[in-house]
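The letters A, B, C and D name the chains in turn, as written, and every chain counts its residues from 1.
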Amino acid sequence: MNKKEYFLPQSVDEATQILAEFGPSLLVMAGGTIAMPLINEGISFPENVMGLRRAGLDYVSGSNGTVQVGATATFTQIMEVIEIPMLAIAAQNIGGWAIRNMGTAGGNLFAPPPAGDFAVALLAMNAQVKLVSAKGERILPLADFYTGFMTTQLSAGELVAEIQVPKPSGRTAYIKYGRRHANTPAIVTVAAHLVFDGERISDARLVLGGVGPHPKRSPKAEGALVGSSLNAGSIEAAAAAAAAECEPFTDAIATEWYRRKMVDVYVRRTLSQVNG
Amino acid sequence: MTESKLNVVGQSVLRRDGLGHVTGKTVYIDDIKFRDMLYLKMVRSPVPHARLKGIDFSEAEKVPGFVRAFTHEDVPKNIYTILCLIGVGPDEEPVLVEDEIRYKGEQIAAIVAETEEAAMEAVSRVKLDLEELPAVLDVEEAIKPDAPVLKHWGTNYFIYEDYHCRRVRLGDVEKGFAEADFIVEGRYQTSPIEHAPAETTACVAKPEADGRITVYTNTQAIYFTLDNTALILQVPFQKLHFVGGTVGGGFGGKVDVLLEPIASLAAIKTGRPVKFKFTREEEMRCSSSRGAWRMYFKDGVTKDGRIIARKITTYADAGAYNRHTPYAVTKHAANIAGPYRIPNVWIDGYCVYTNRQPGSAMRGFGVTPASFALEVQMDKIAETVGLDPWSVRFINAYRDGDMKPHQKVVEDATLIEVMQAAAKMVGHELPEEYQKMSSQALEEG
Amino acid sequence: MASKIISFTLNGRLTEVLVKPLTTLGTLLREQLDLTAAKSGCKQGGCGSCTVLLNGQPVLSCLLPVEEVEGQQVITLEGITPTDGLNPIQEVFYENFAIQCGYCSPGMILVTKALLDKNPHPSREQIIDSLTGNYCRCTGYEPIIQAVEKAAQRLNGHEG
Amino acid sequence: MAKKRGLGIAAVNYPTGMNLGGDPSQALIHATTTGSFVITLASTDLGQGLKTVIAQIGAETLGVPFENVMIDTADSDTGPHCMGTFASRATHRVGNAVIQAAEEARKVMMEVAADELEASPDDLETDGQGNINVKGSPDRSINVIDVALAAHFKYGKTISGRGMFMKPKSDVDPETGKMDPDSTEAHACTVAEVEVDTETGEVKVLSLKSAYEVGQQVNPALVEGQIRGGSYMGMAHALYETTHPYYPQVEHMPTSFSEYVLPGPMELPEIDSVVLEYPSANGPYGVKGVGEMTANSPIPAIINAIYDAVGVRITDLPATPEKILRALEELES
């Protein structure tokens, strides 16, 4: 009843000005797939809402070895990105068809775990986020963007405008394991990006979703891989390190115990897929 | 009455309601709306067991569009039990909580408002003064002497004609165990399950010019719901006019009377049409579920695989209130020994109350958990005796003329025939003796 | 609270509506425009019963604020139903018992339309993939999957 | 990674009707002036197809075309009592009530036709196409429309009938449990094939093949609909569904279709069935109830198949990957 206004800015500048004016009380929404259910169920009662769909951020474009994903690009759009197959696979693993037509890359960064697993692929790609405000913009690594459970580096007045994804320099794999094979929350999501120098792994990015406060790299697992070849032993060691290092939780889908077990299994399976 | 040649019975004629369904023109309850219609939302308990010491509506009343709140004091006959119509009692469930909350999600107060959003916001602003109490959640804990007692008659189980459980007795199980070569035991547990119909439970109650109330409802049972509503509201039966018949999936989930009485009350008190529709979350957490069952088996079996004694103790988790569980336990007790010829059977079926969302009817009412437990137990018996799973079932299968544990003679057995057909379907070659068996030929057992 | 006039194309007709902020397309269709084919099965984006086509793509009308459809093309099941008779997709759902309680049918049929418009020869896997966001408790999905296969055949002229 | 396959069977019975009886249903039938027959009920269609099968039963007994029969349900001001649609009772109970009502209406229809054809009612037959003929004399025939018109405007007669079916209530002997808890029993046997991933505990149901015995089928396509939907529901119960993931605890109760886990179309196994028909003695045209039982036999069949595949017997539903994995670890240790 007390919804005062629904803003539909036509540009990023207009969006940041509205945000500067209203401050944190303004609910910023992209695809609506996270915020609208809470409003519909009578859990949240926002006064002012800003929809970003018309702000010109619904692009996916590539240049100079980087793919720029606008914050409101939908997963359906991203599924057509051919330069980086893992992005398409990660997008395909989200929701059902209609959700993929609505849900956005930017919005997914704010999904409560175990949702929000698009970022698992982004982190493996070493993606950066562009944050804009009325005062300007800044770019920071996505790995630094998350600060805790449902908290980020986003300051008052800032918006996620773009995600910049470097094309992978190595081999990649991505697996989401849930109770169903589609349209399901993750028990665990794993993404791997391995750069090889001959047989030797020279750089490794191993990312886990659904087993921590936010999608997160597993430095110890990465450490177990770098310098070694990708073989049964290094895969085993990386899986064990990831399972030890992750911080799983219990929810309606799975227990902490099971999630940790599945980190071990799915890190192995993901790395085997890199190998295969 | 069977005719030699059937004309349309046996034909796959197209659905009568099919054209409405594929064009979206079928009218479901949520598709009905009236001018001036109000929306009802429920204030629910956040905890499984508590004393309700007070409700503060003052902030809720300030929400623009708020019309009225209802508590148990507004409900003429607040305490009821659904199955009173078929002689099950005593009354034990409140329409709206009086002083004791017995499950998380229980209905405490109703709010009607001009819009659905206003009703939701008003509900979110209601303050409850609760004193939490220890909850009892496990059926076997609940019937221990020191468990918190949930029922005014002093036990946490339903009483069947002065007995503490539904009993079935045939022959002498202890004698059967003594004669058996093997004793096979098993514990089986099922979980509560949501009916999850595509359409959530809903009704619209509309006051008419003649003083009657028309209730549009997706109940599975029009009269059953009408009669209970009249009793709860203490109005003459002819004051109510129920209209329904089109249900977006039921599965047993729409045979409770959680919505119609309170929506009708609100319609009477406000003089305006009132819609009450469960949200998906309410449907999952607050409407009845398929109750959970815990079943213990002890079977006496001979070397050749015949079950000669079967003792079963079973606990139905009714949740906080009866709903349909006392009746489900009777159906369960009549079926859990299975479609087998067993001379000695002993069954104790308990209907137990816990601080949980009440269980109720669901597709397979009391029999689904029984079939699960006993058919897994049959495989366990087969393994113990050293038979294959088909053999143990053929050896024990009931035939027409056998006596069931509840002392009814079997009349239309076809267990053997469906097993023969299934074996054929999957290419499993049965020994000749099983291929020749017939449910209609009673042989020496 | 400032209501806004929103104009968009609904089932081929230019439509102007006055809505309160944050009214969803589903609520607009069902409560204001009496187009009740799209259902409100969960309002959480989880069941697909509220599916409509936005510029030809399936979206969930329960999650879409009406402000967002300004200037866009919206199609509901009413919009693909001929004034007399049935659309070929509706025909096969009806003839093949791909319906039981009927509550999911409007969403299923619209997803089928979007799929076959995009891909006239979908594989079984593609059909299944397109249906994963639409919930059905009654049928066990197989009759629906088969209806989509038959609808493709009929639209391609391979079946009477 | 090891994936192991297994087969499991289960055989079940299922009773038709409220288990102690005492659950009546009524039907009223009347013909309009032009030979449409309206069956008035208070029964509900949940999607299983009651409005269709009841029209079929009414048309069969009346001897008139299916299209001539209208179903008017469920309005408490006009529809006579029905206990409700549950307990696999509706086709059995309401069908029997409709047969009784239709027989009464048919009798009047045949009497009027006999007067019009100057024949004895006993010498007449309906052809199911809308005509009443003198047996053996196809040229002596009258259309049902003309019979209805004559009944109304020439003879002042109502072609109508009342039907009621009730199995008297059986009381339970509380000491021994002696009771009569069914009207008839349907049966089913399911063979399930599963594949279990021993590293994750995940179960893939490969096929559910079942034989059902359901008495006379009124509408085989609708019976198949119950079998397919029920098999899927049984699989969901066996492996996925729970409102209390950590029963008996009440934490983490699902609130949405994301958290309340149900299999989707990607998890569909091959579902195949054969249907046997052994008509019941007391069902309309030999019907038995089929609605509920279809979900039952798949559950233990799947659990038994898991045991066959990997040697763990899950006795606590649902058989989630976690429970299977824990059981496998216990088996190893």
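Here is the rule we use: contacts are C-beta pairs under 8 Å (C-beta built on N, C-alpha and C of every residue); 3 or more make two chains touch, one makes a residue touch a chain.
It should be emphasised that the depicted structure is a prediction, and the values quoted were computed from it without experimental measurement.
With centres computed from CA atoms alone, B is the chain lying nearest the middle of all the protein shown. Averaging Cα atoms per chain gives one point for each, and the point farthest from that of chain D is the centre of A.
Compared on C-beta pairs in contact, C-D and A-D come out with C-D as the pair having more. Here the CA centre of chain A is 29 Å from the CA centre of chain C. With centres set at the average Cα position, the gap from chain A to chain D is 47 Å.
Spacing of chain B relative to chain D, judged by their CA centroids, is 18 angstrom. Residue positions of chain B touching 2 or more other chains: 12, 14-15, 17, 196, 247-249, 251, 279-281. Across the assembly, chain A contributes 1-3, 37, 41, 180, 182-183 as residues in contact with two or more other chains.
Within chain C, the positions touching two or more other chains are listed as 42-44, 46-47, 97, 100-103, 129, 131-132, 135, 137-138.
Residue ranges on chain B touching chain C, taken from their complex, read 12, 14-15, 17-28, 30-31, 33, 195-200, 247-249, 251, 279-281. Residue ranges on chain C touching chain A, taken from their complex, read 1-2, 4, 20-22, 24, 43-46, 48, 51, 54, 57-60, 62-65, 67-68, 70, 111, 114, 129-134. Interface residues of chain D facing chain C in the complex, by the touch rule stated above, are 46-49, 221-222, 224-225, 228-233, 256-258, 262, 264-266, 268, 271.
Taken in their complex, chain C has these residues touching chain B: 30-31, 36-44, 46-47, 49, 76-78, 81, 86, 90-91, 93-95, 97, 99-106, 109, 135-138. Per the touch definition, chain A reaches chain B in the complex via residues 1-3, 41-43, 45.
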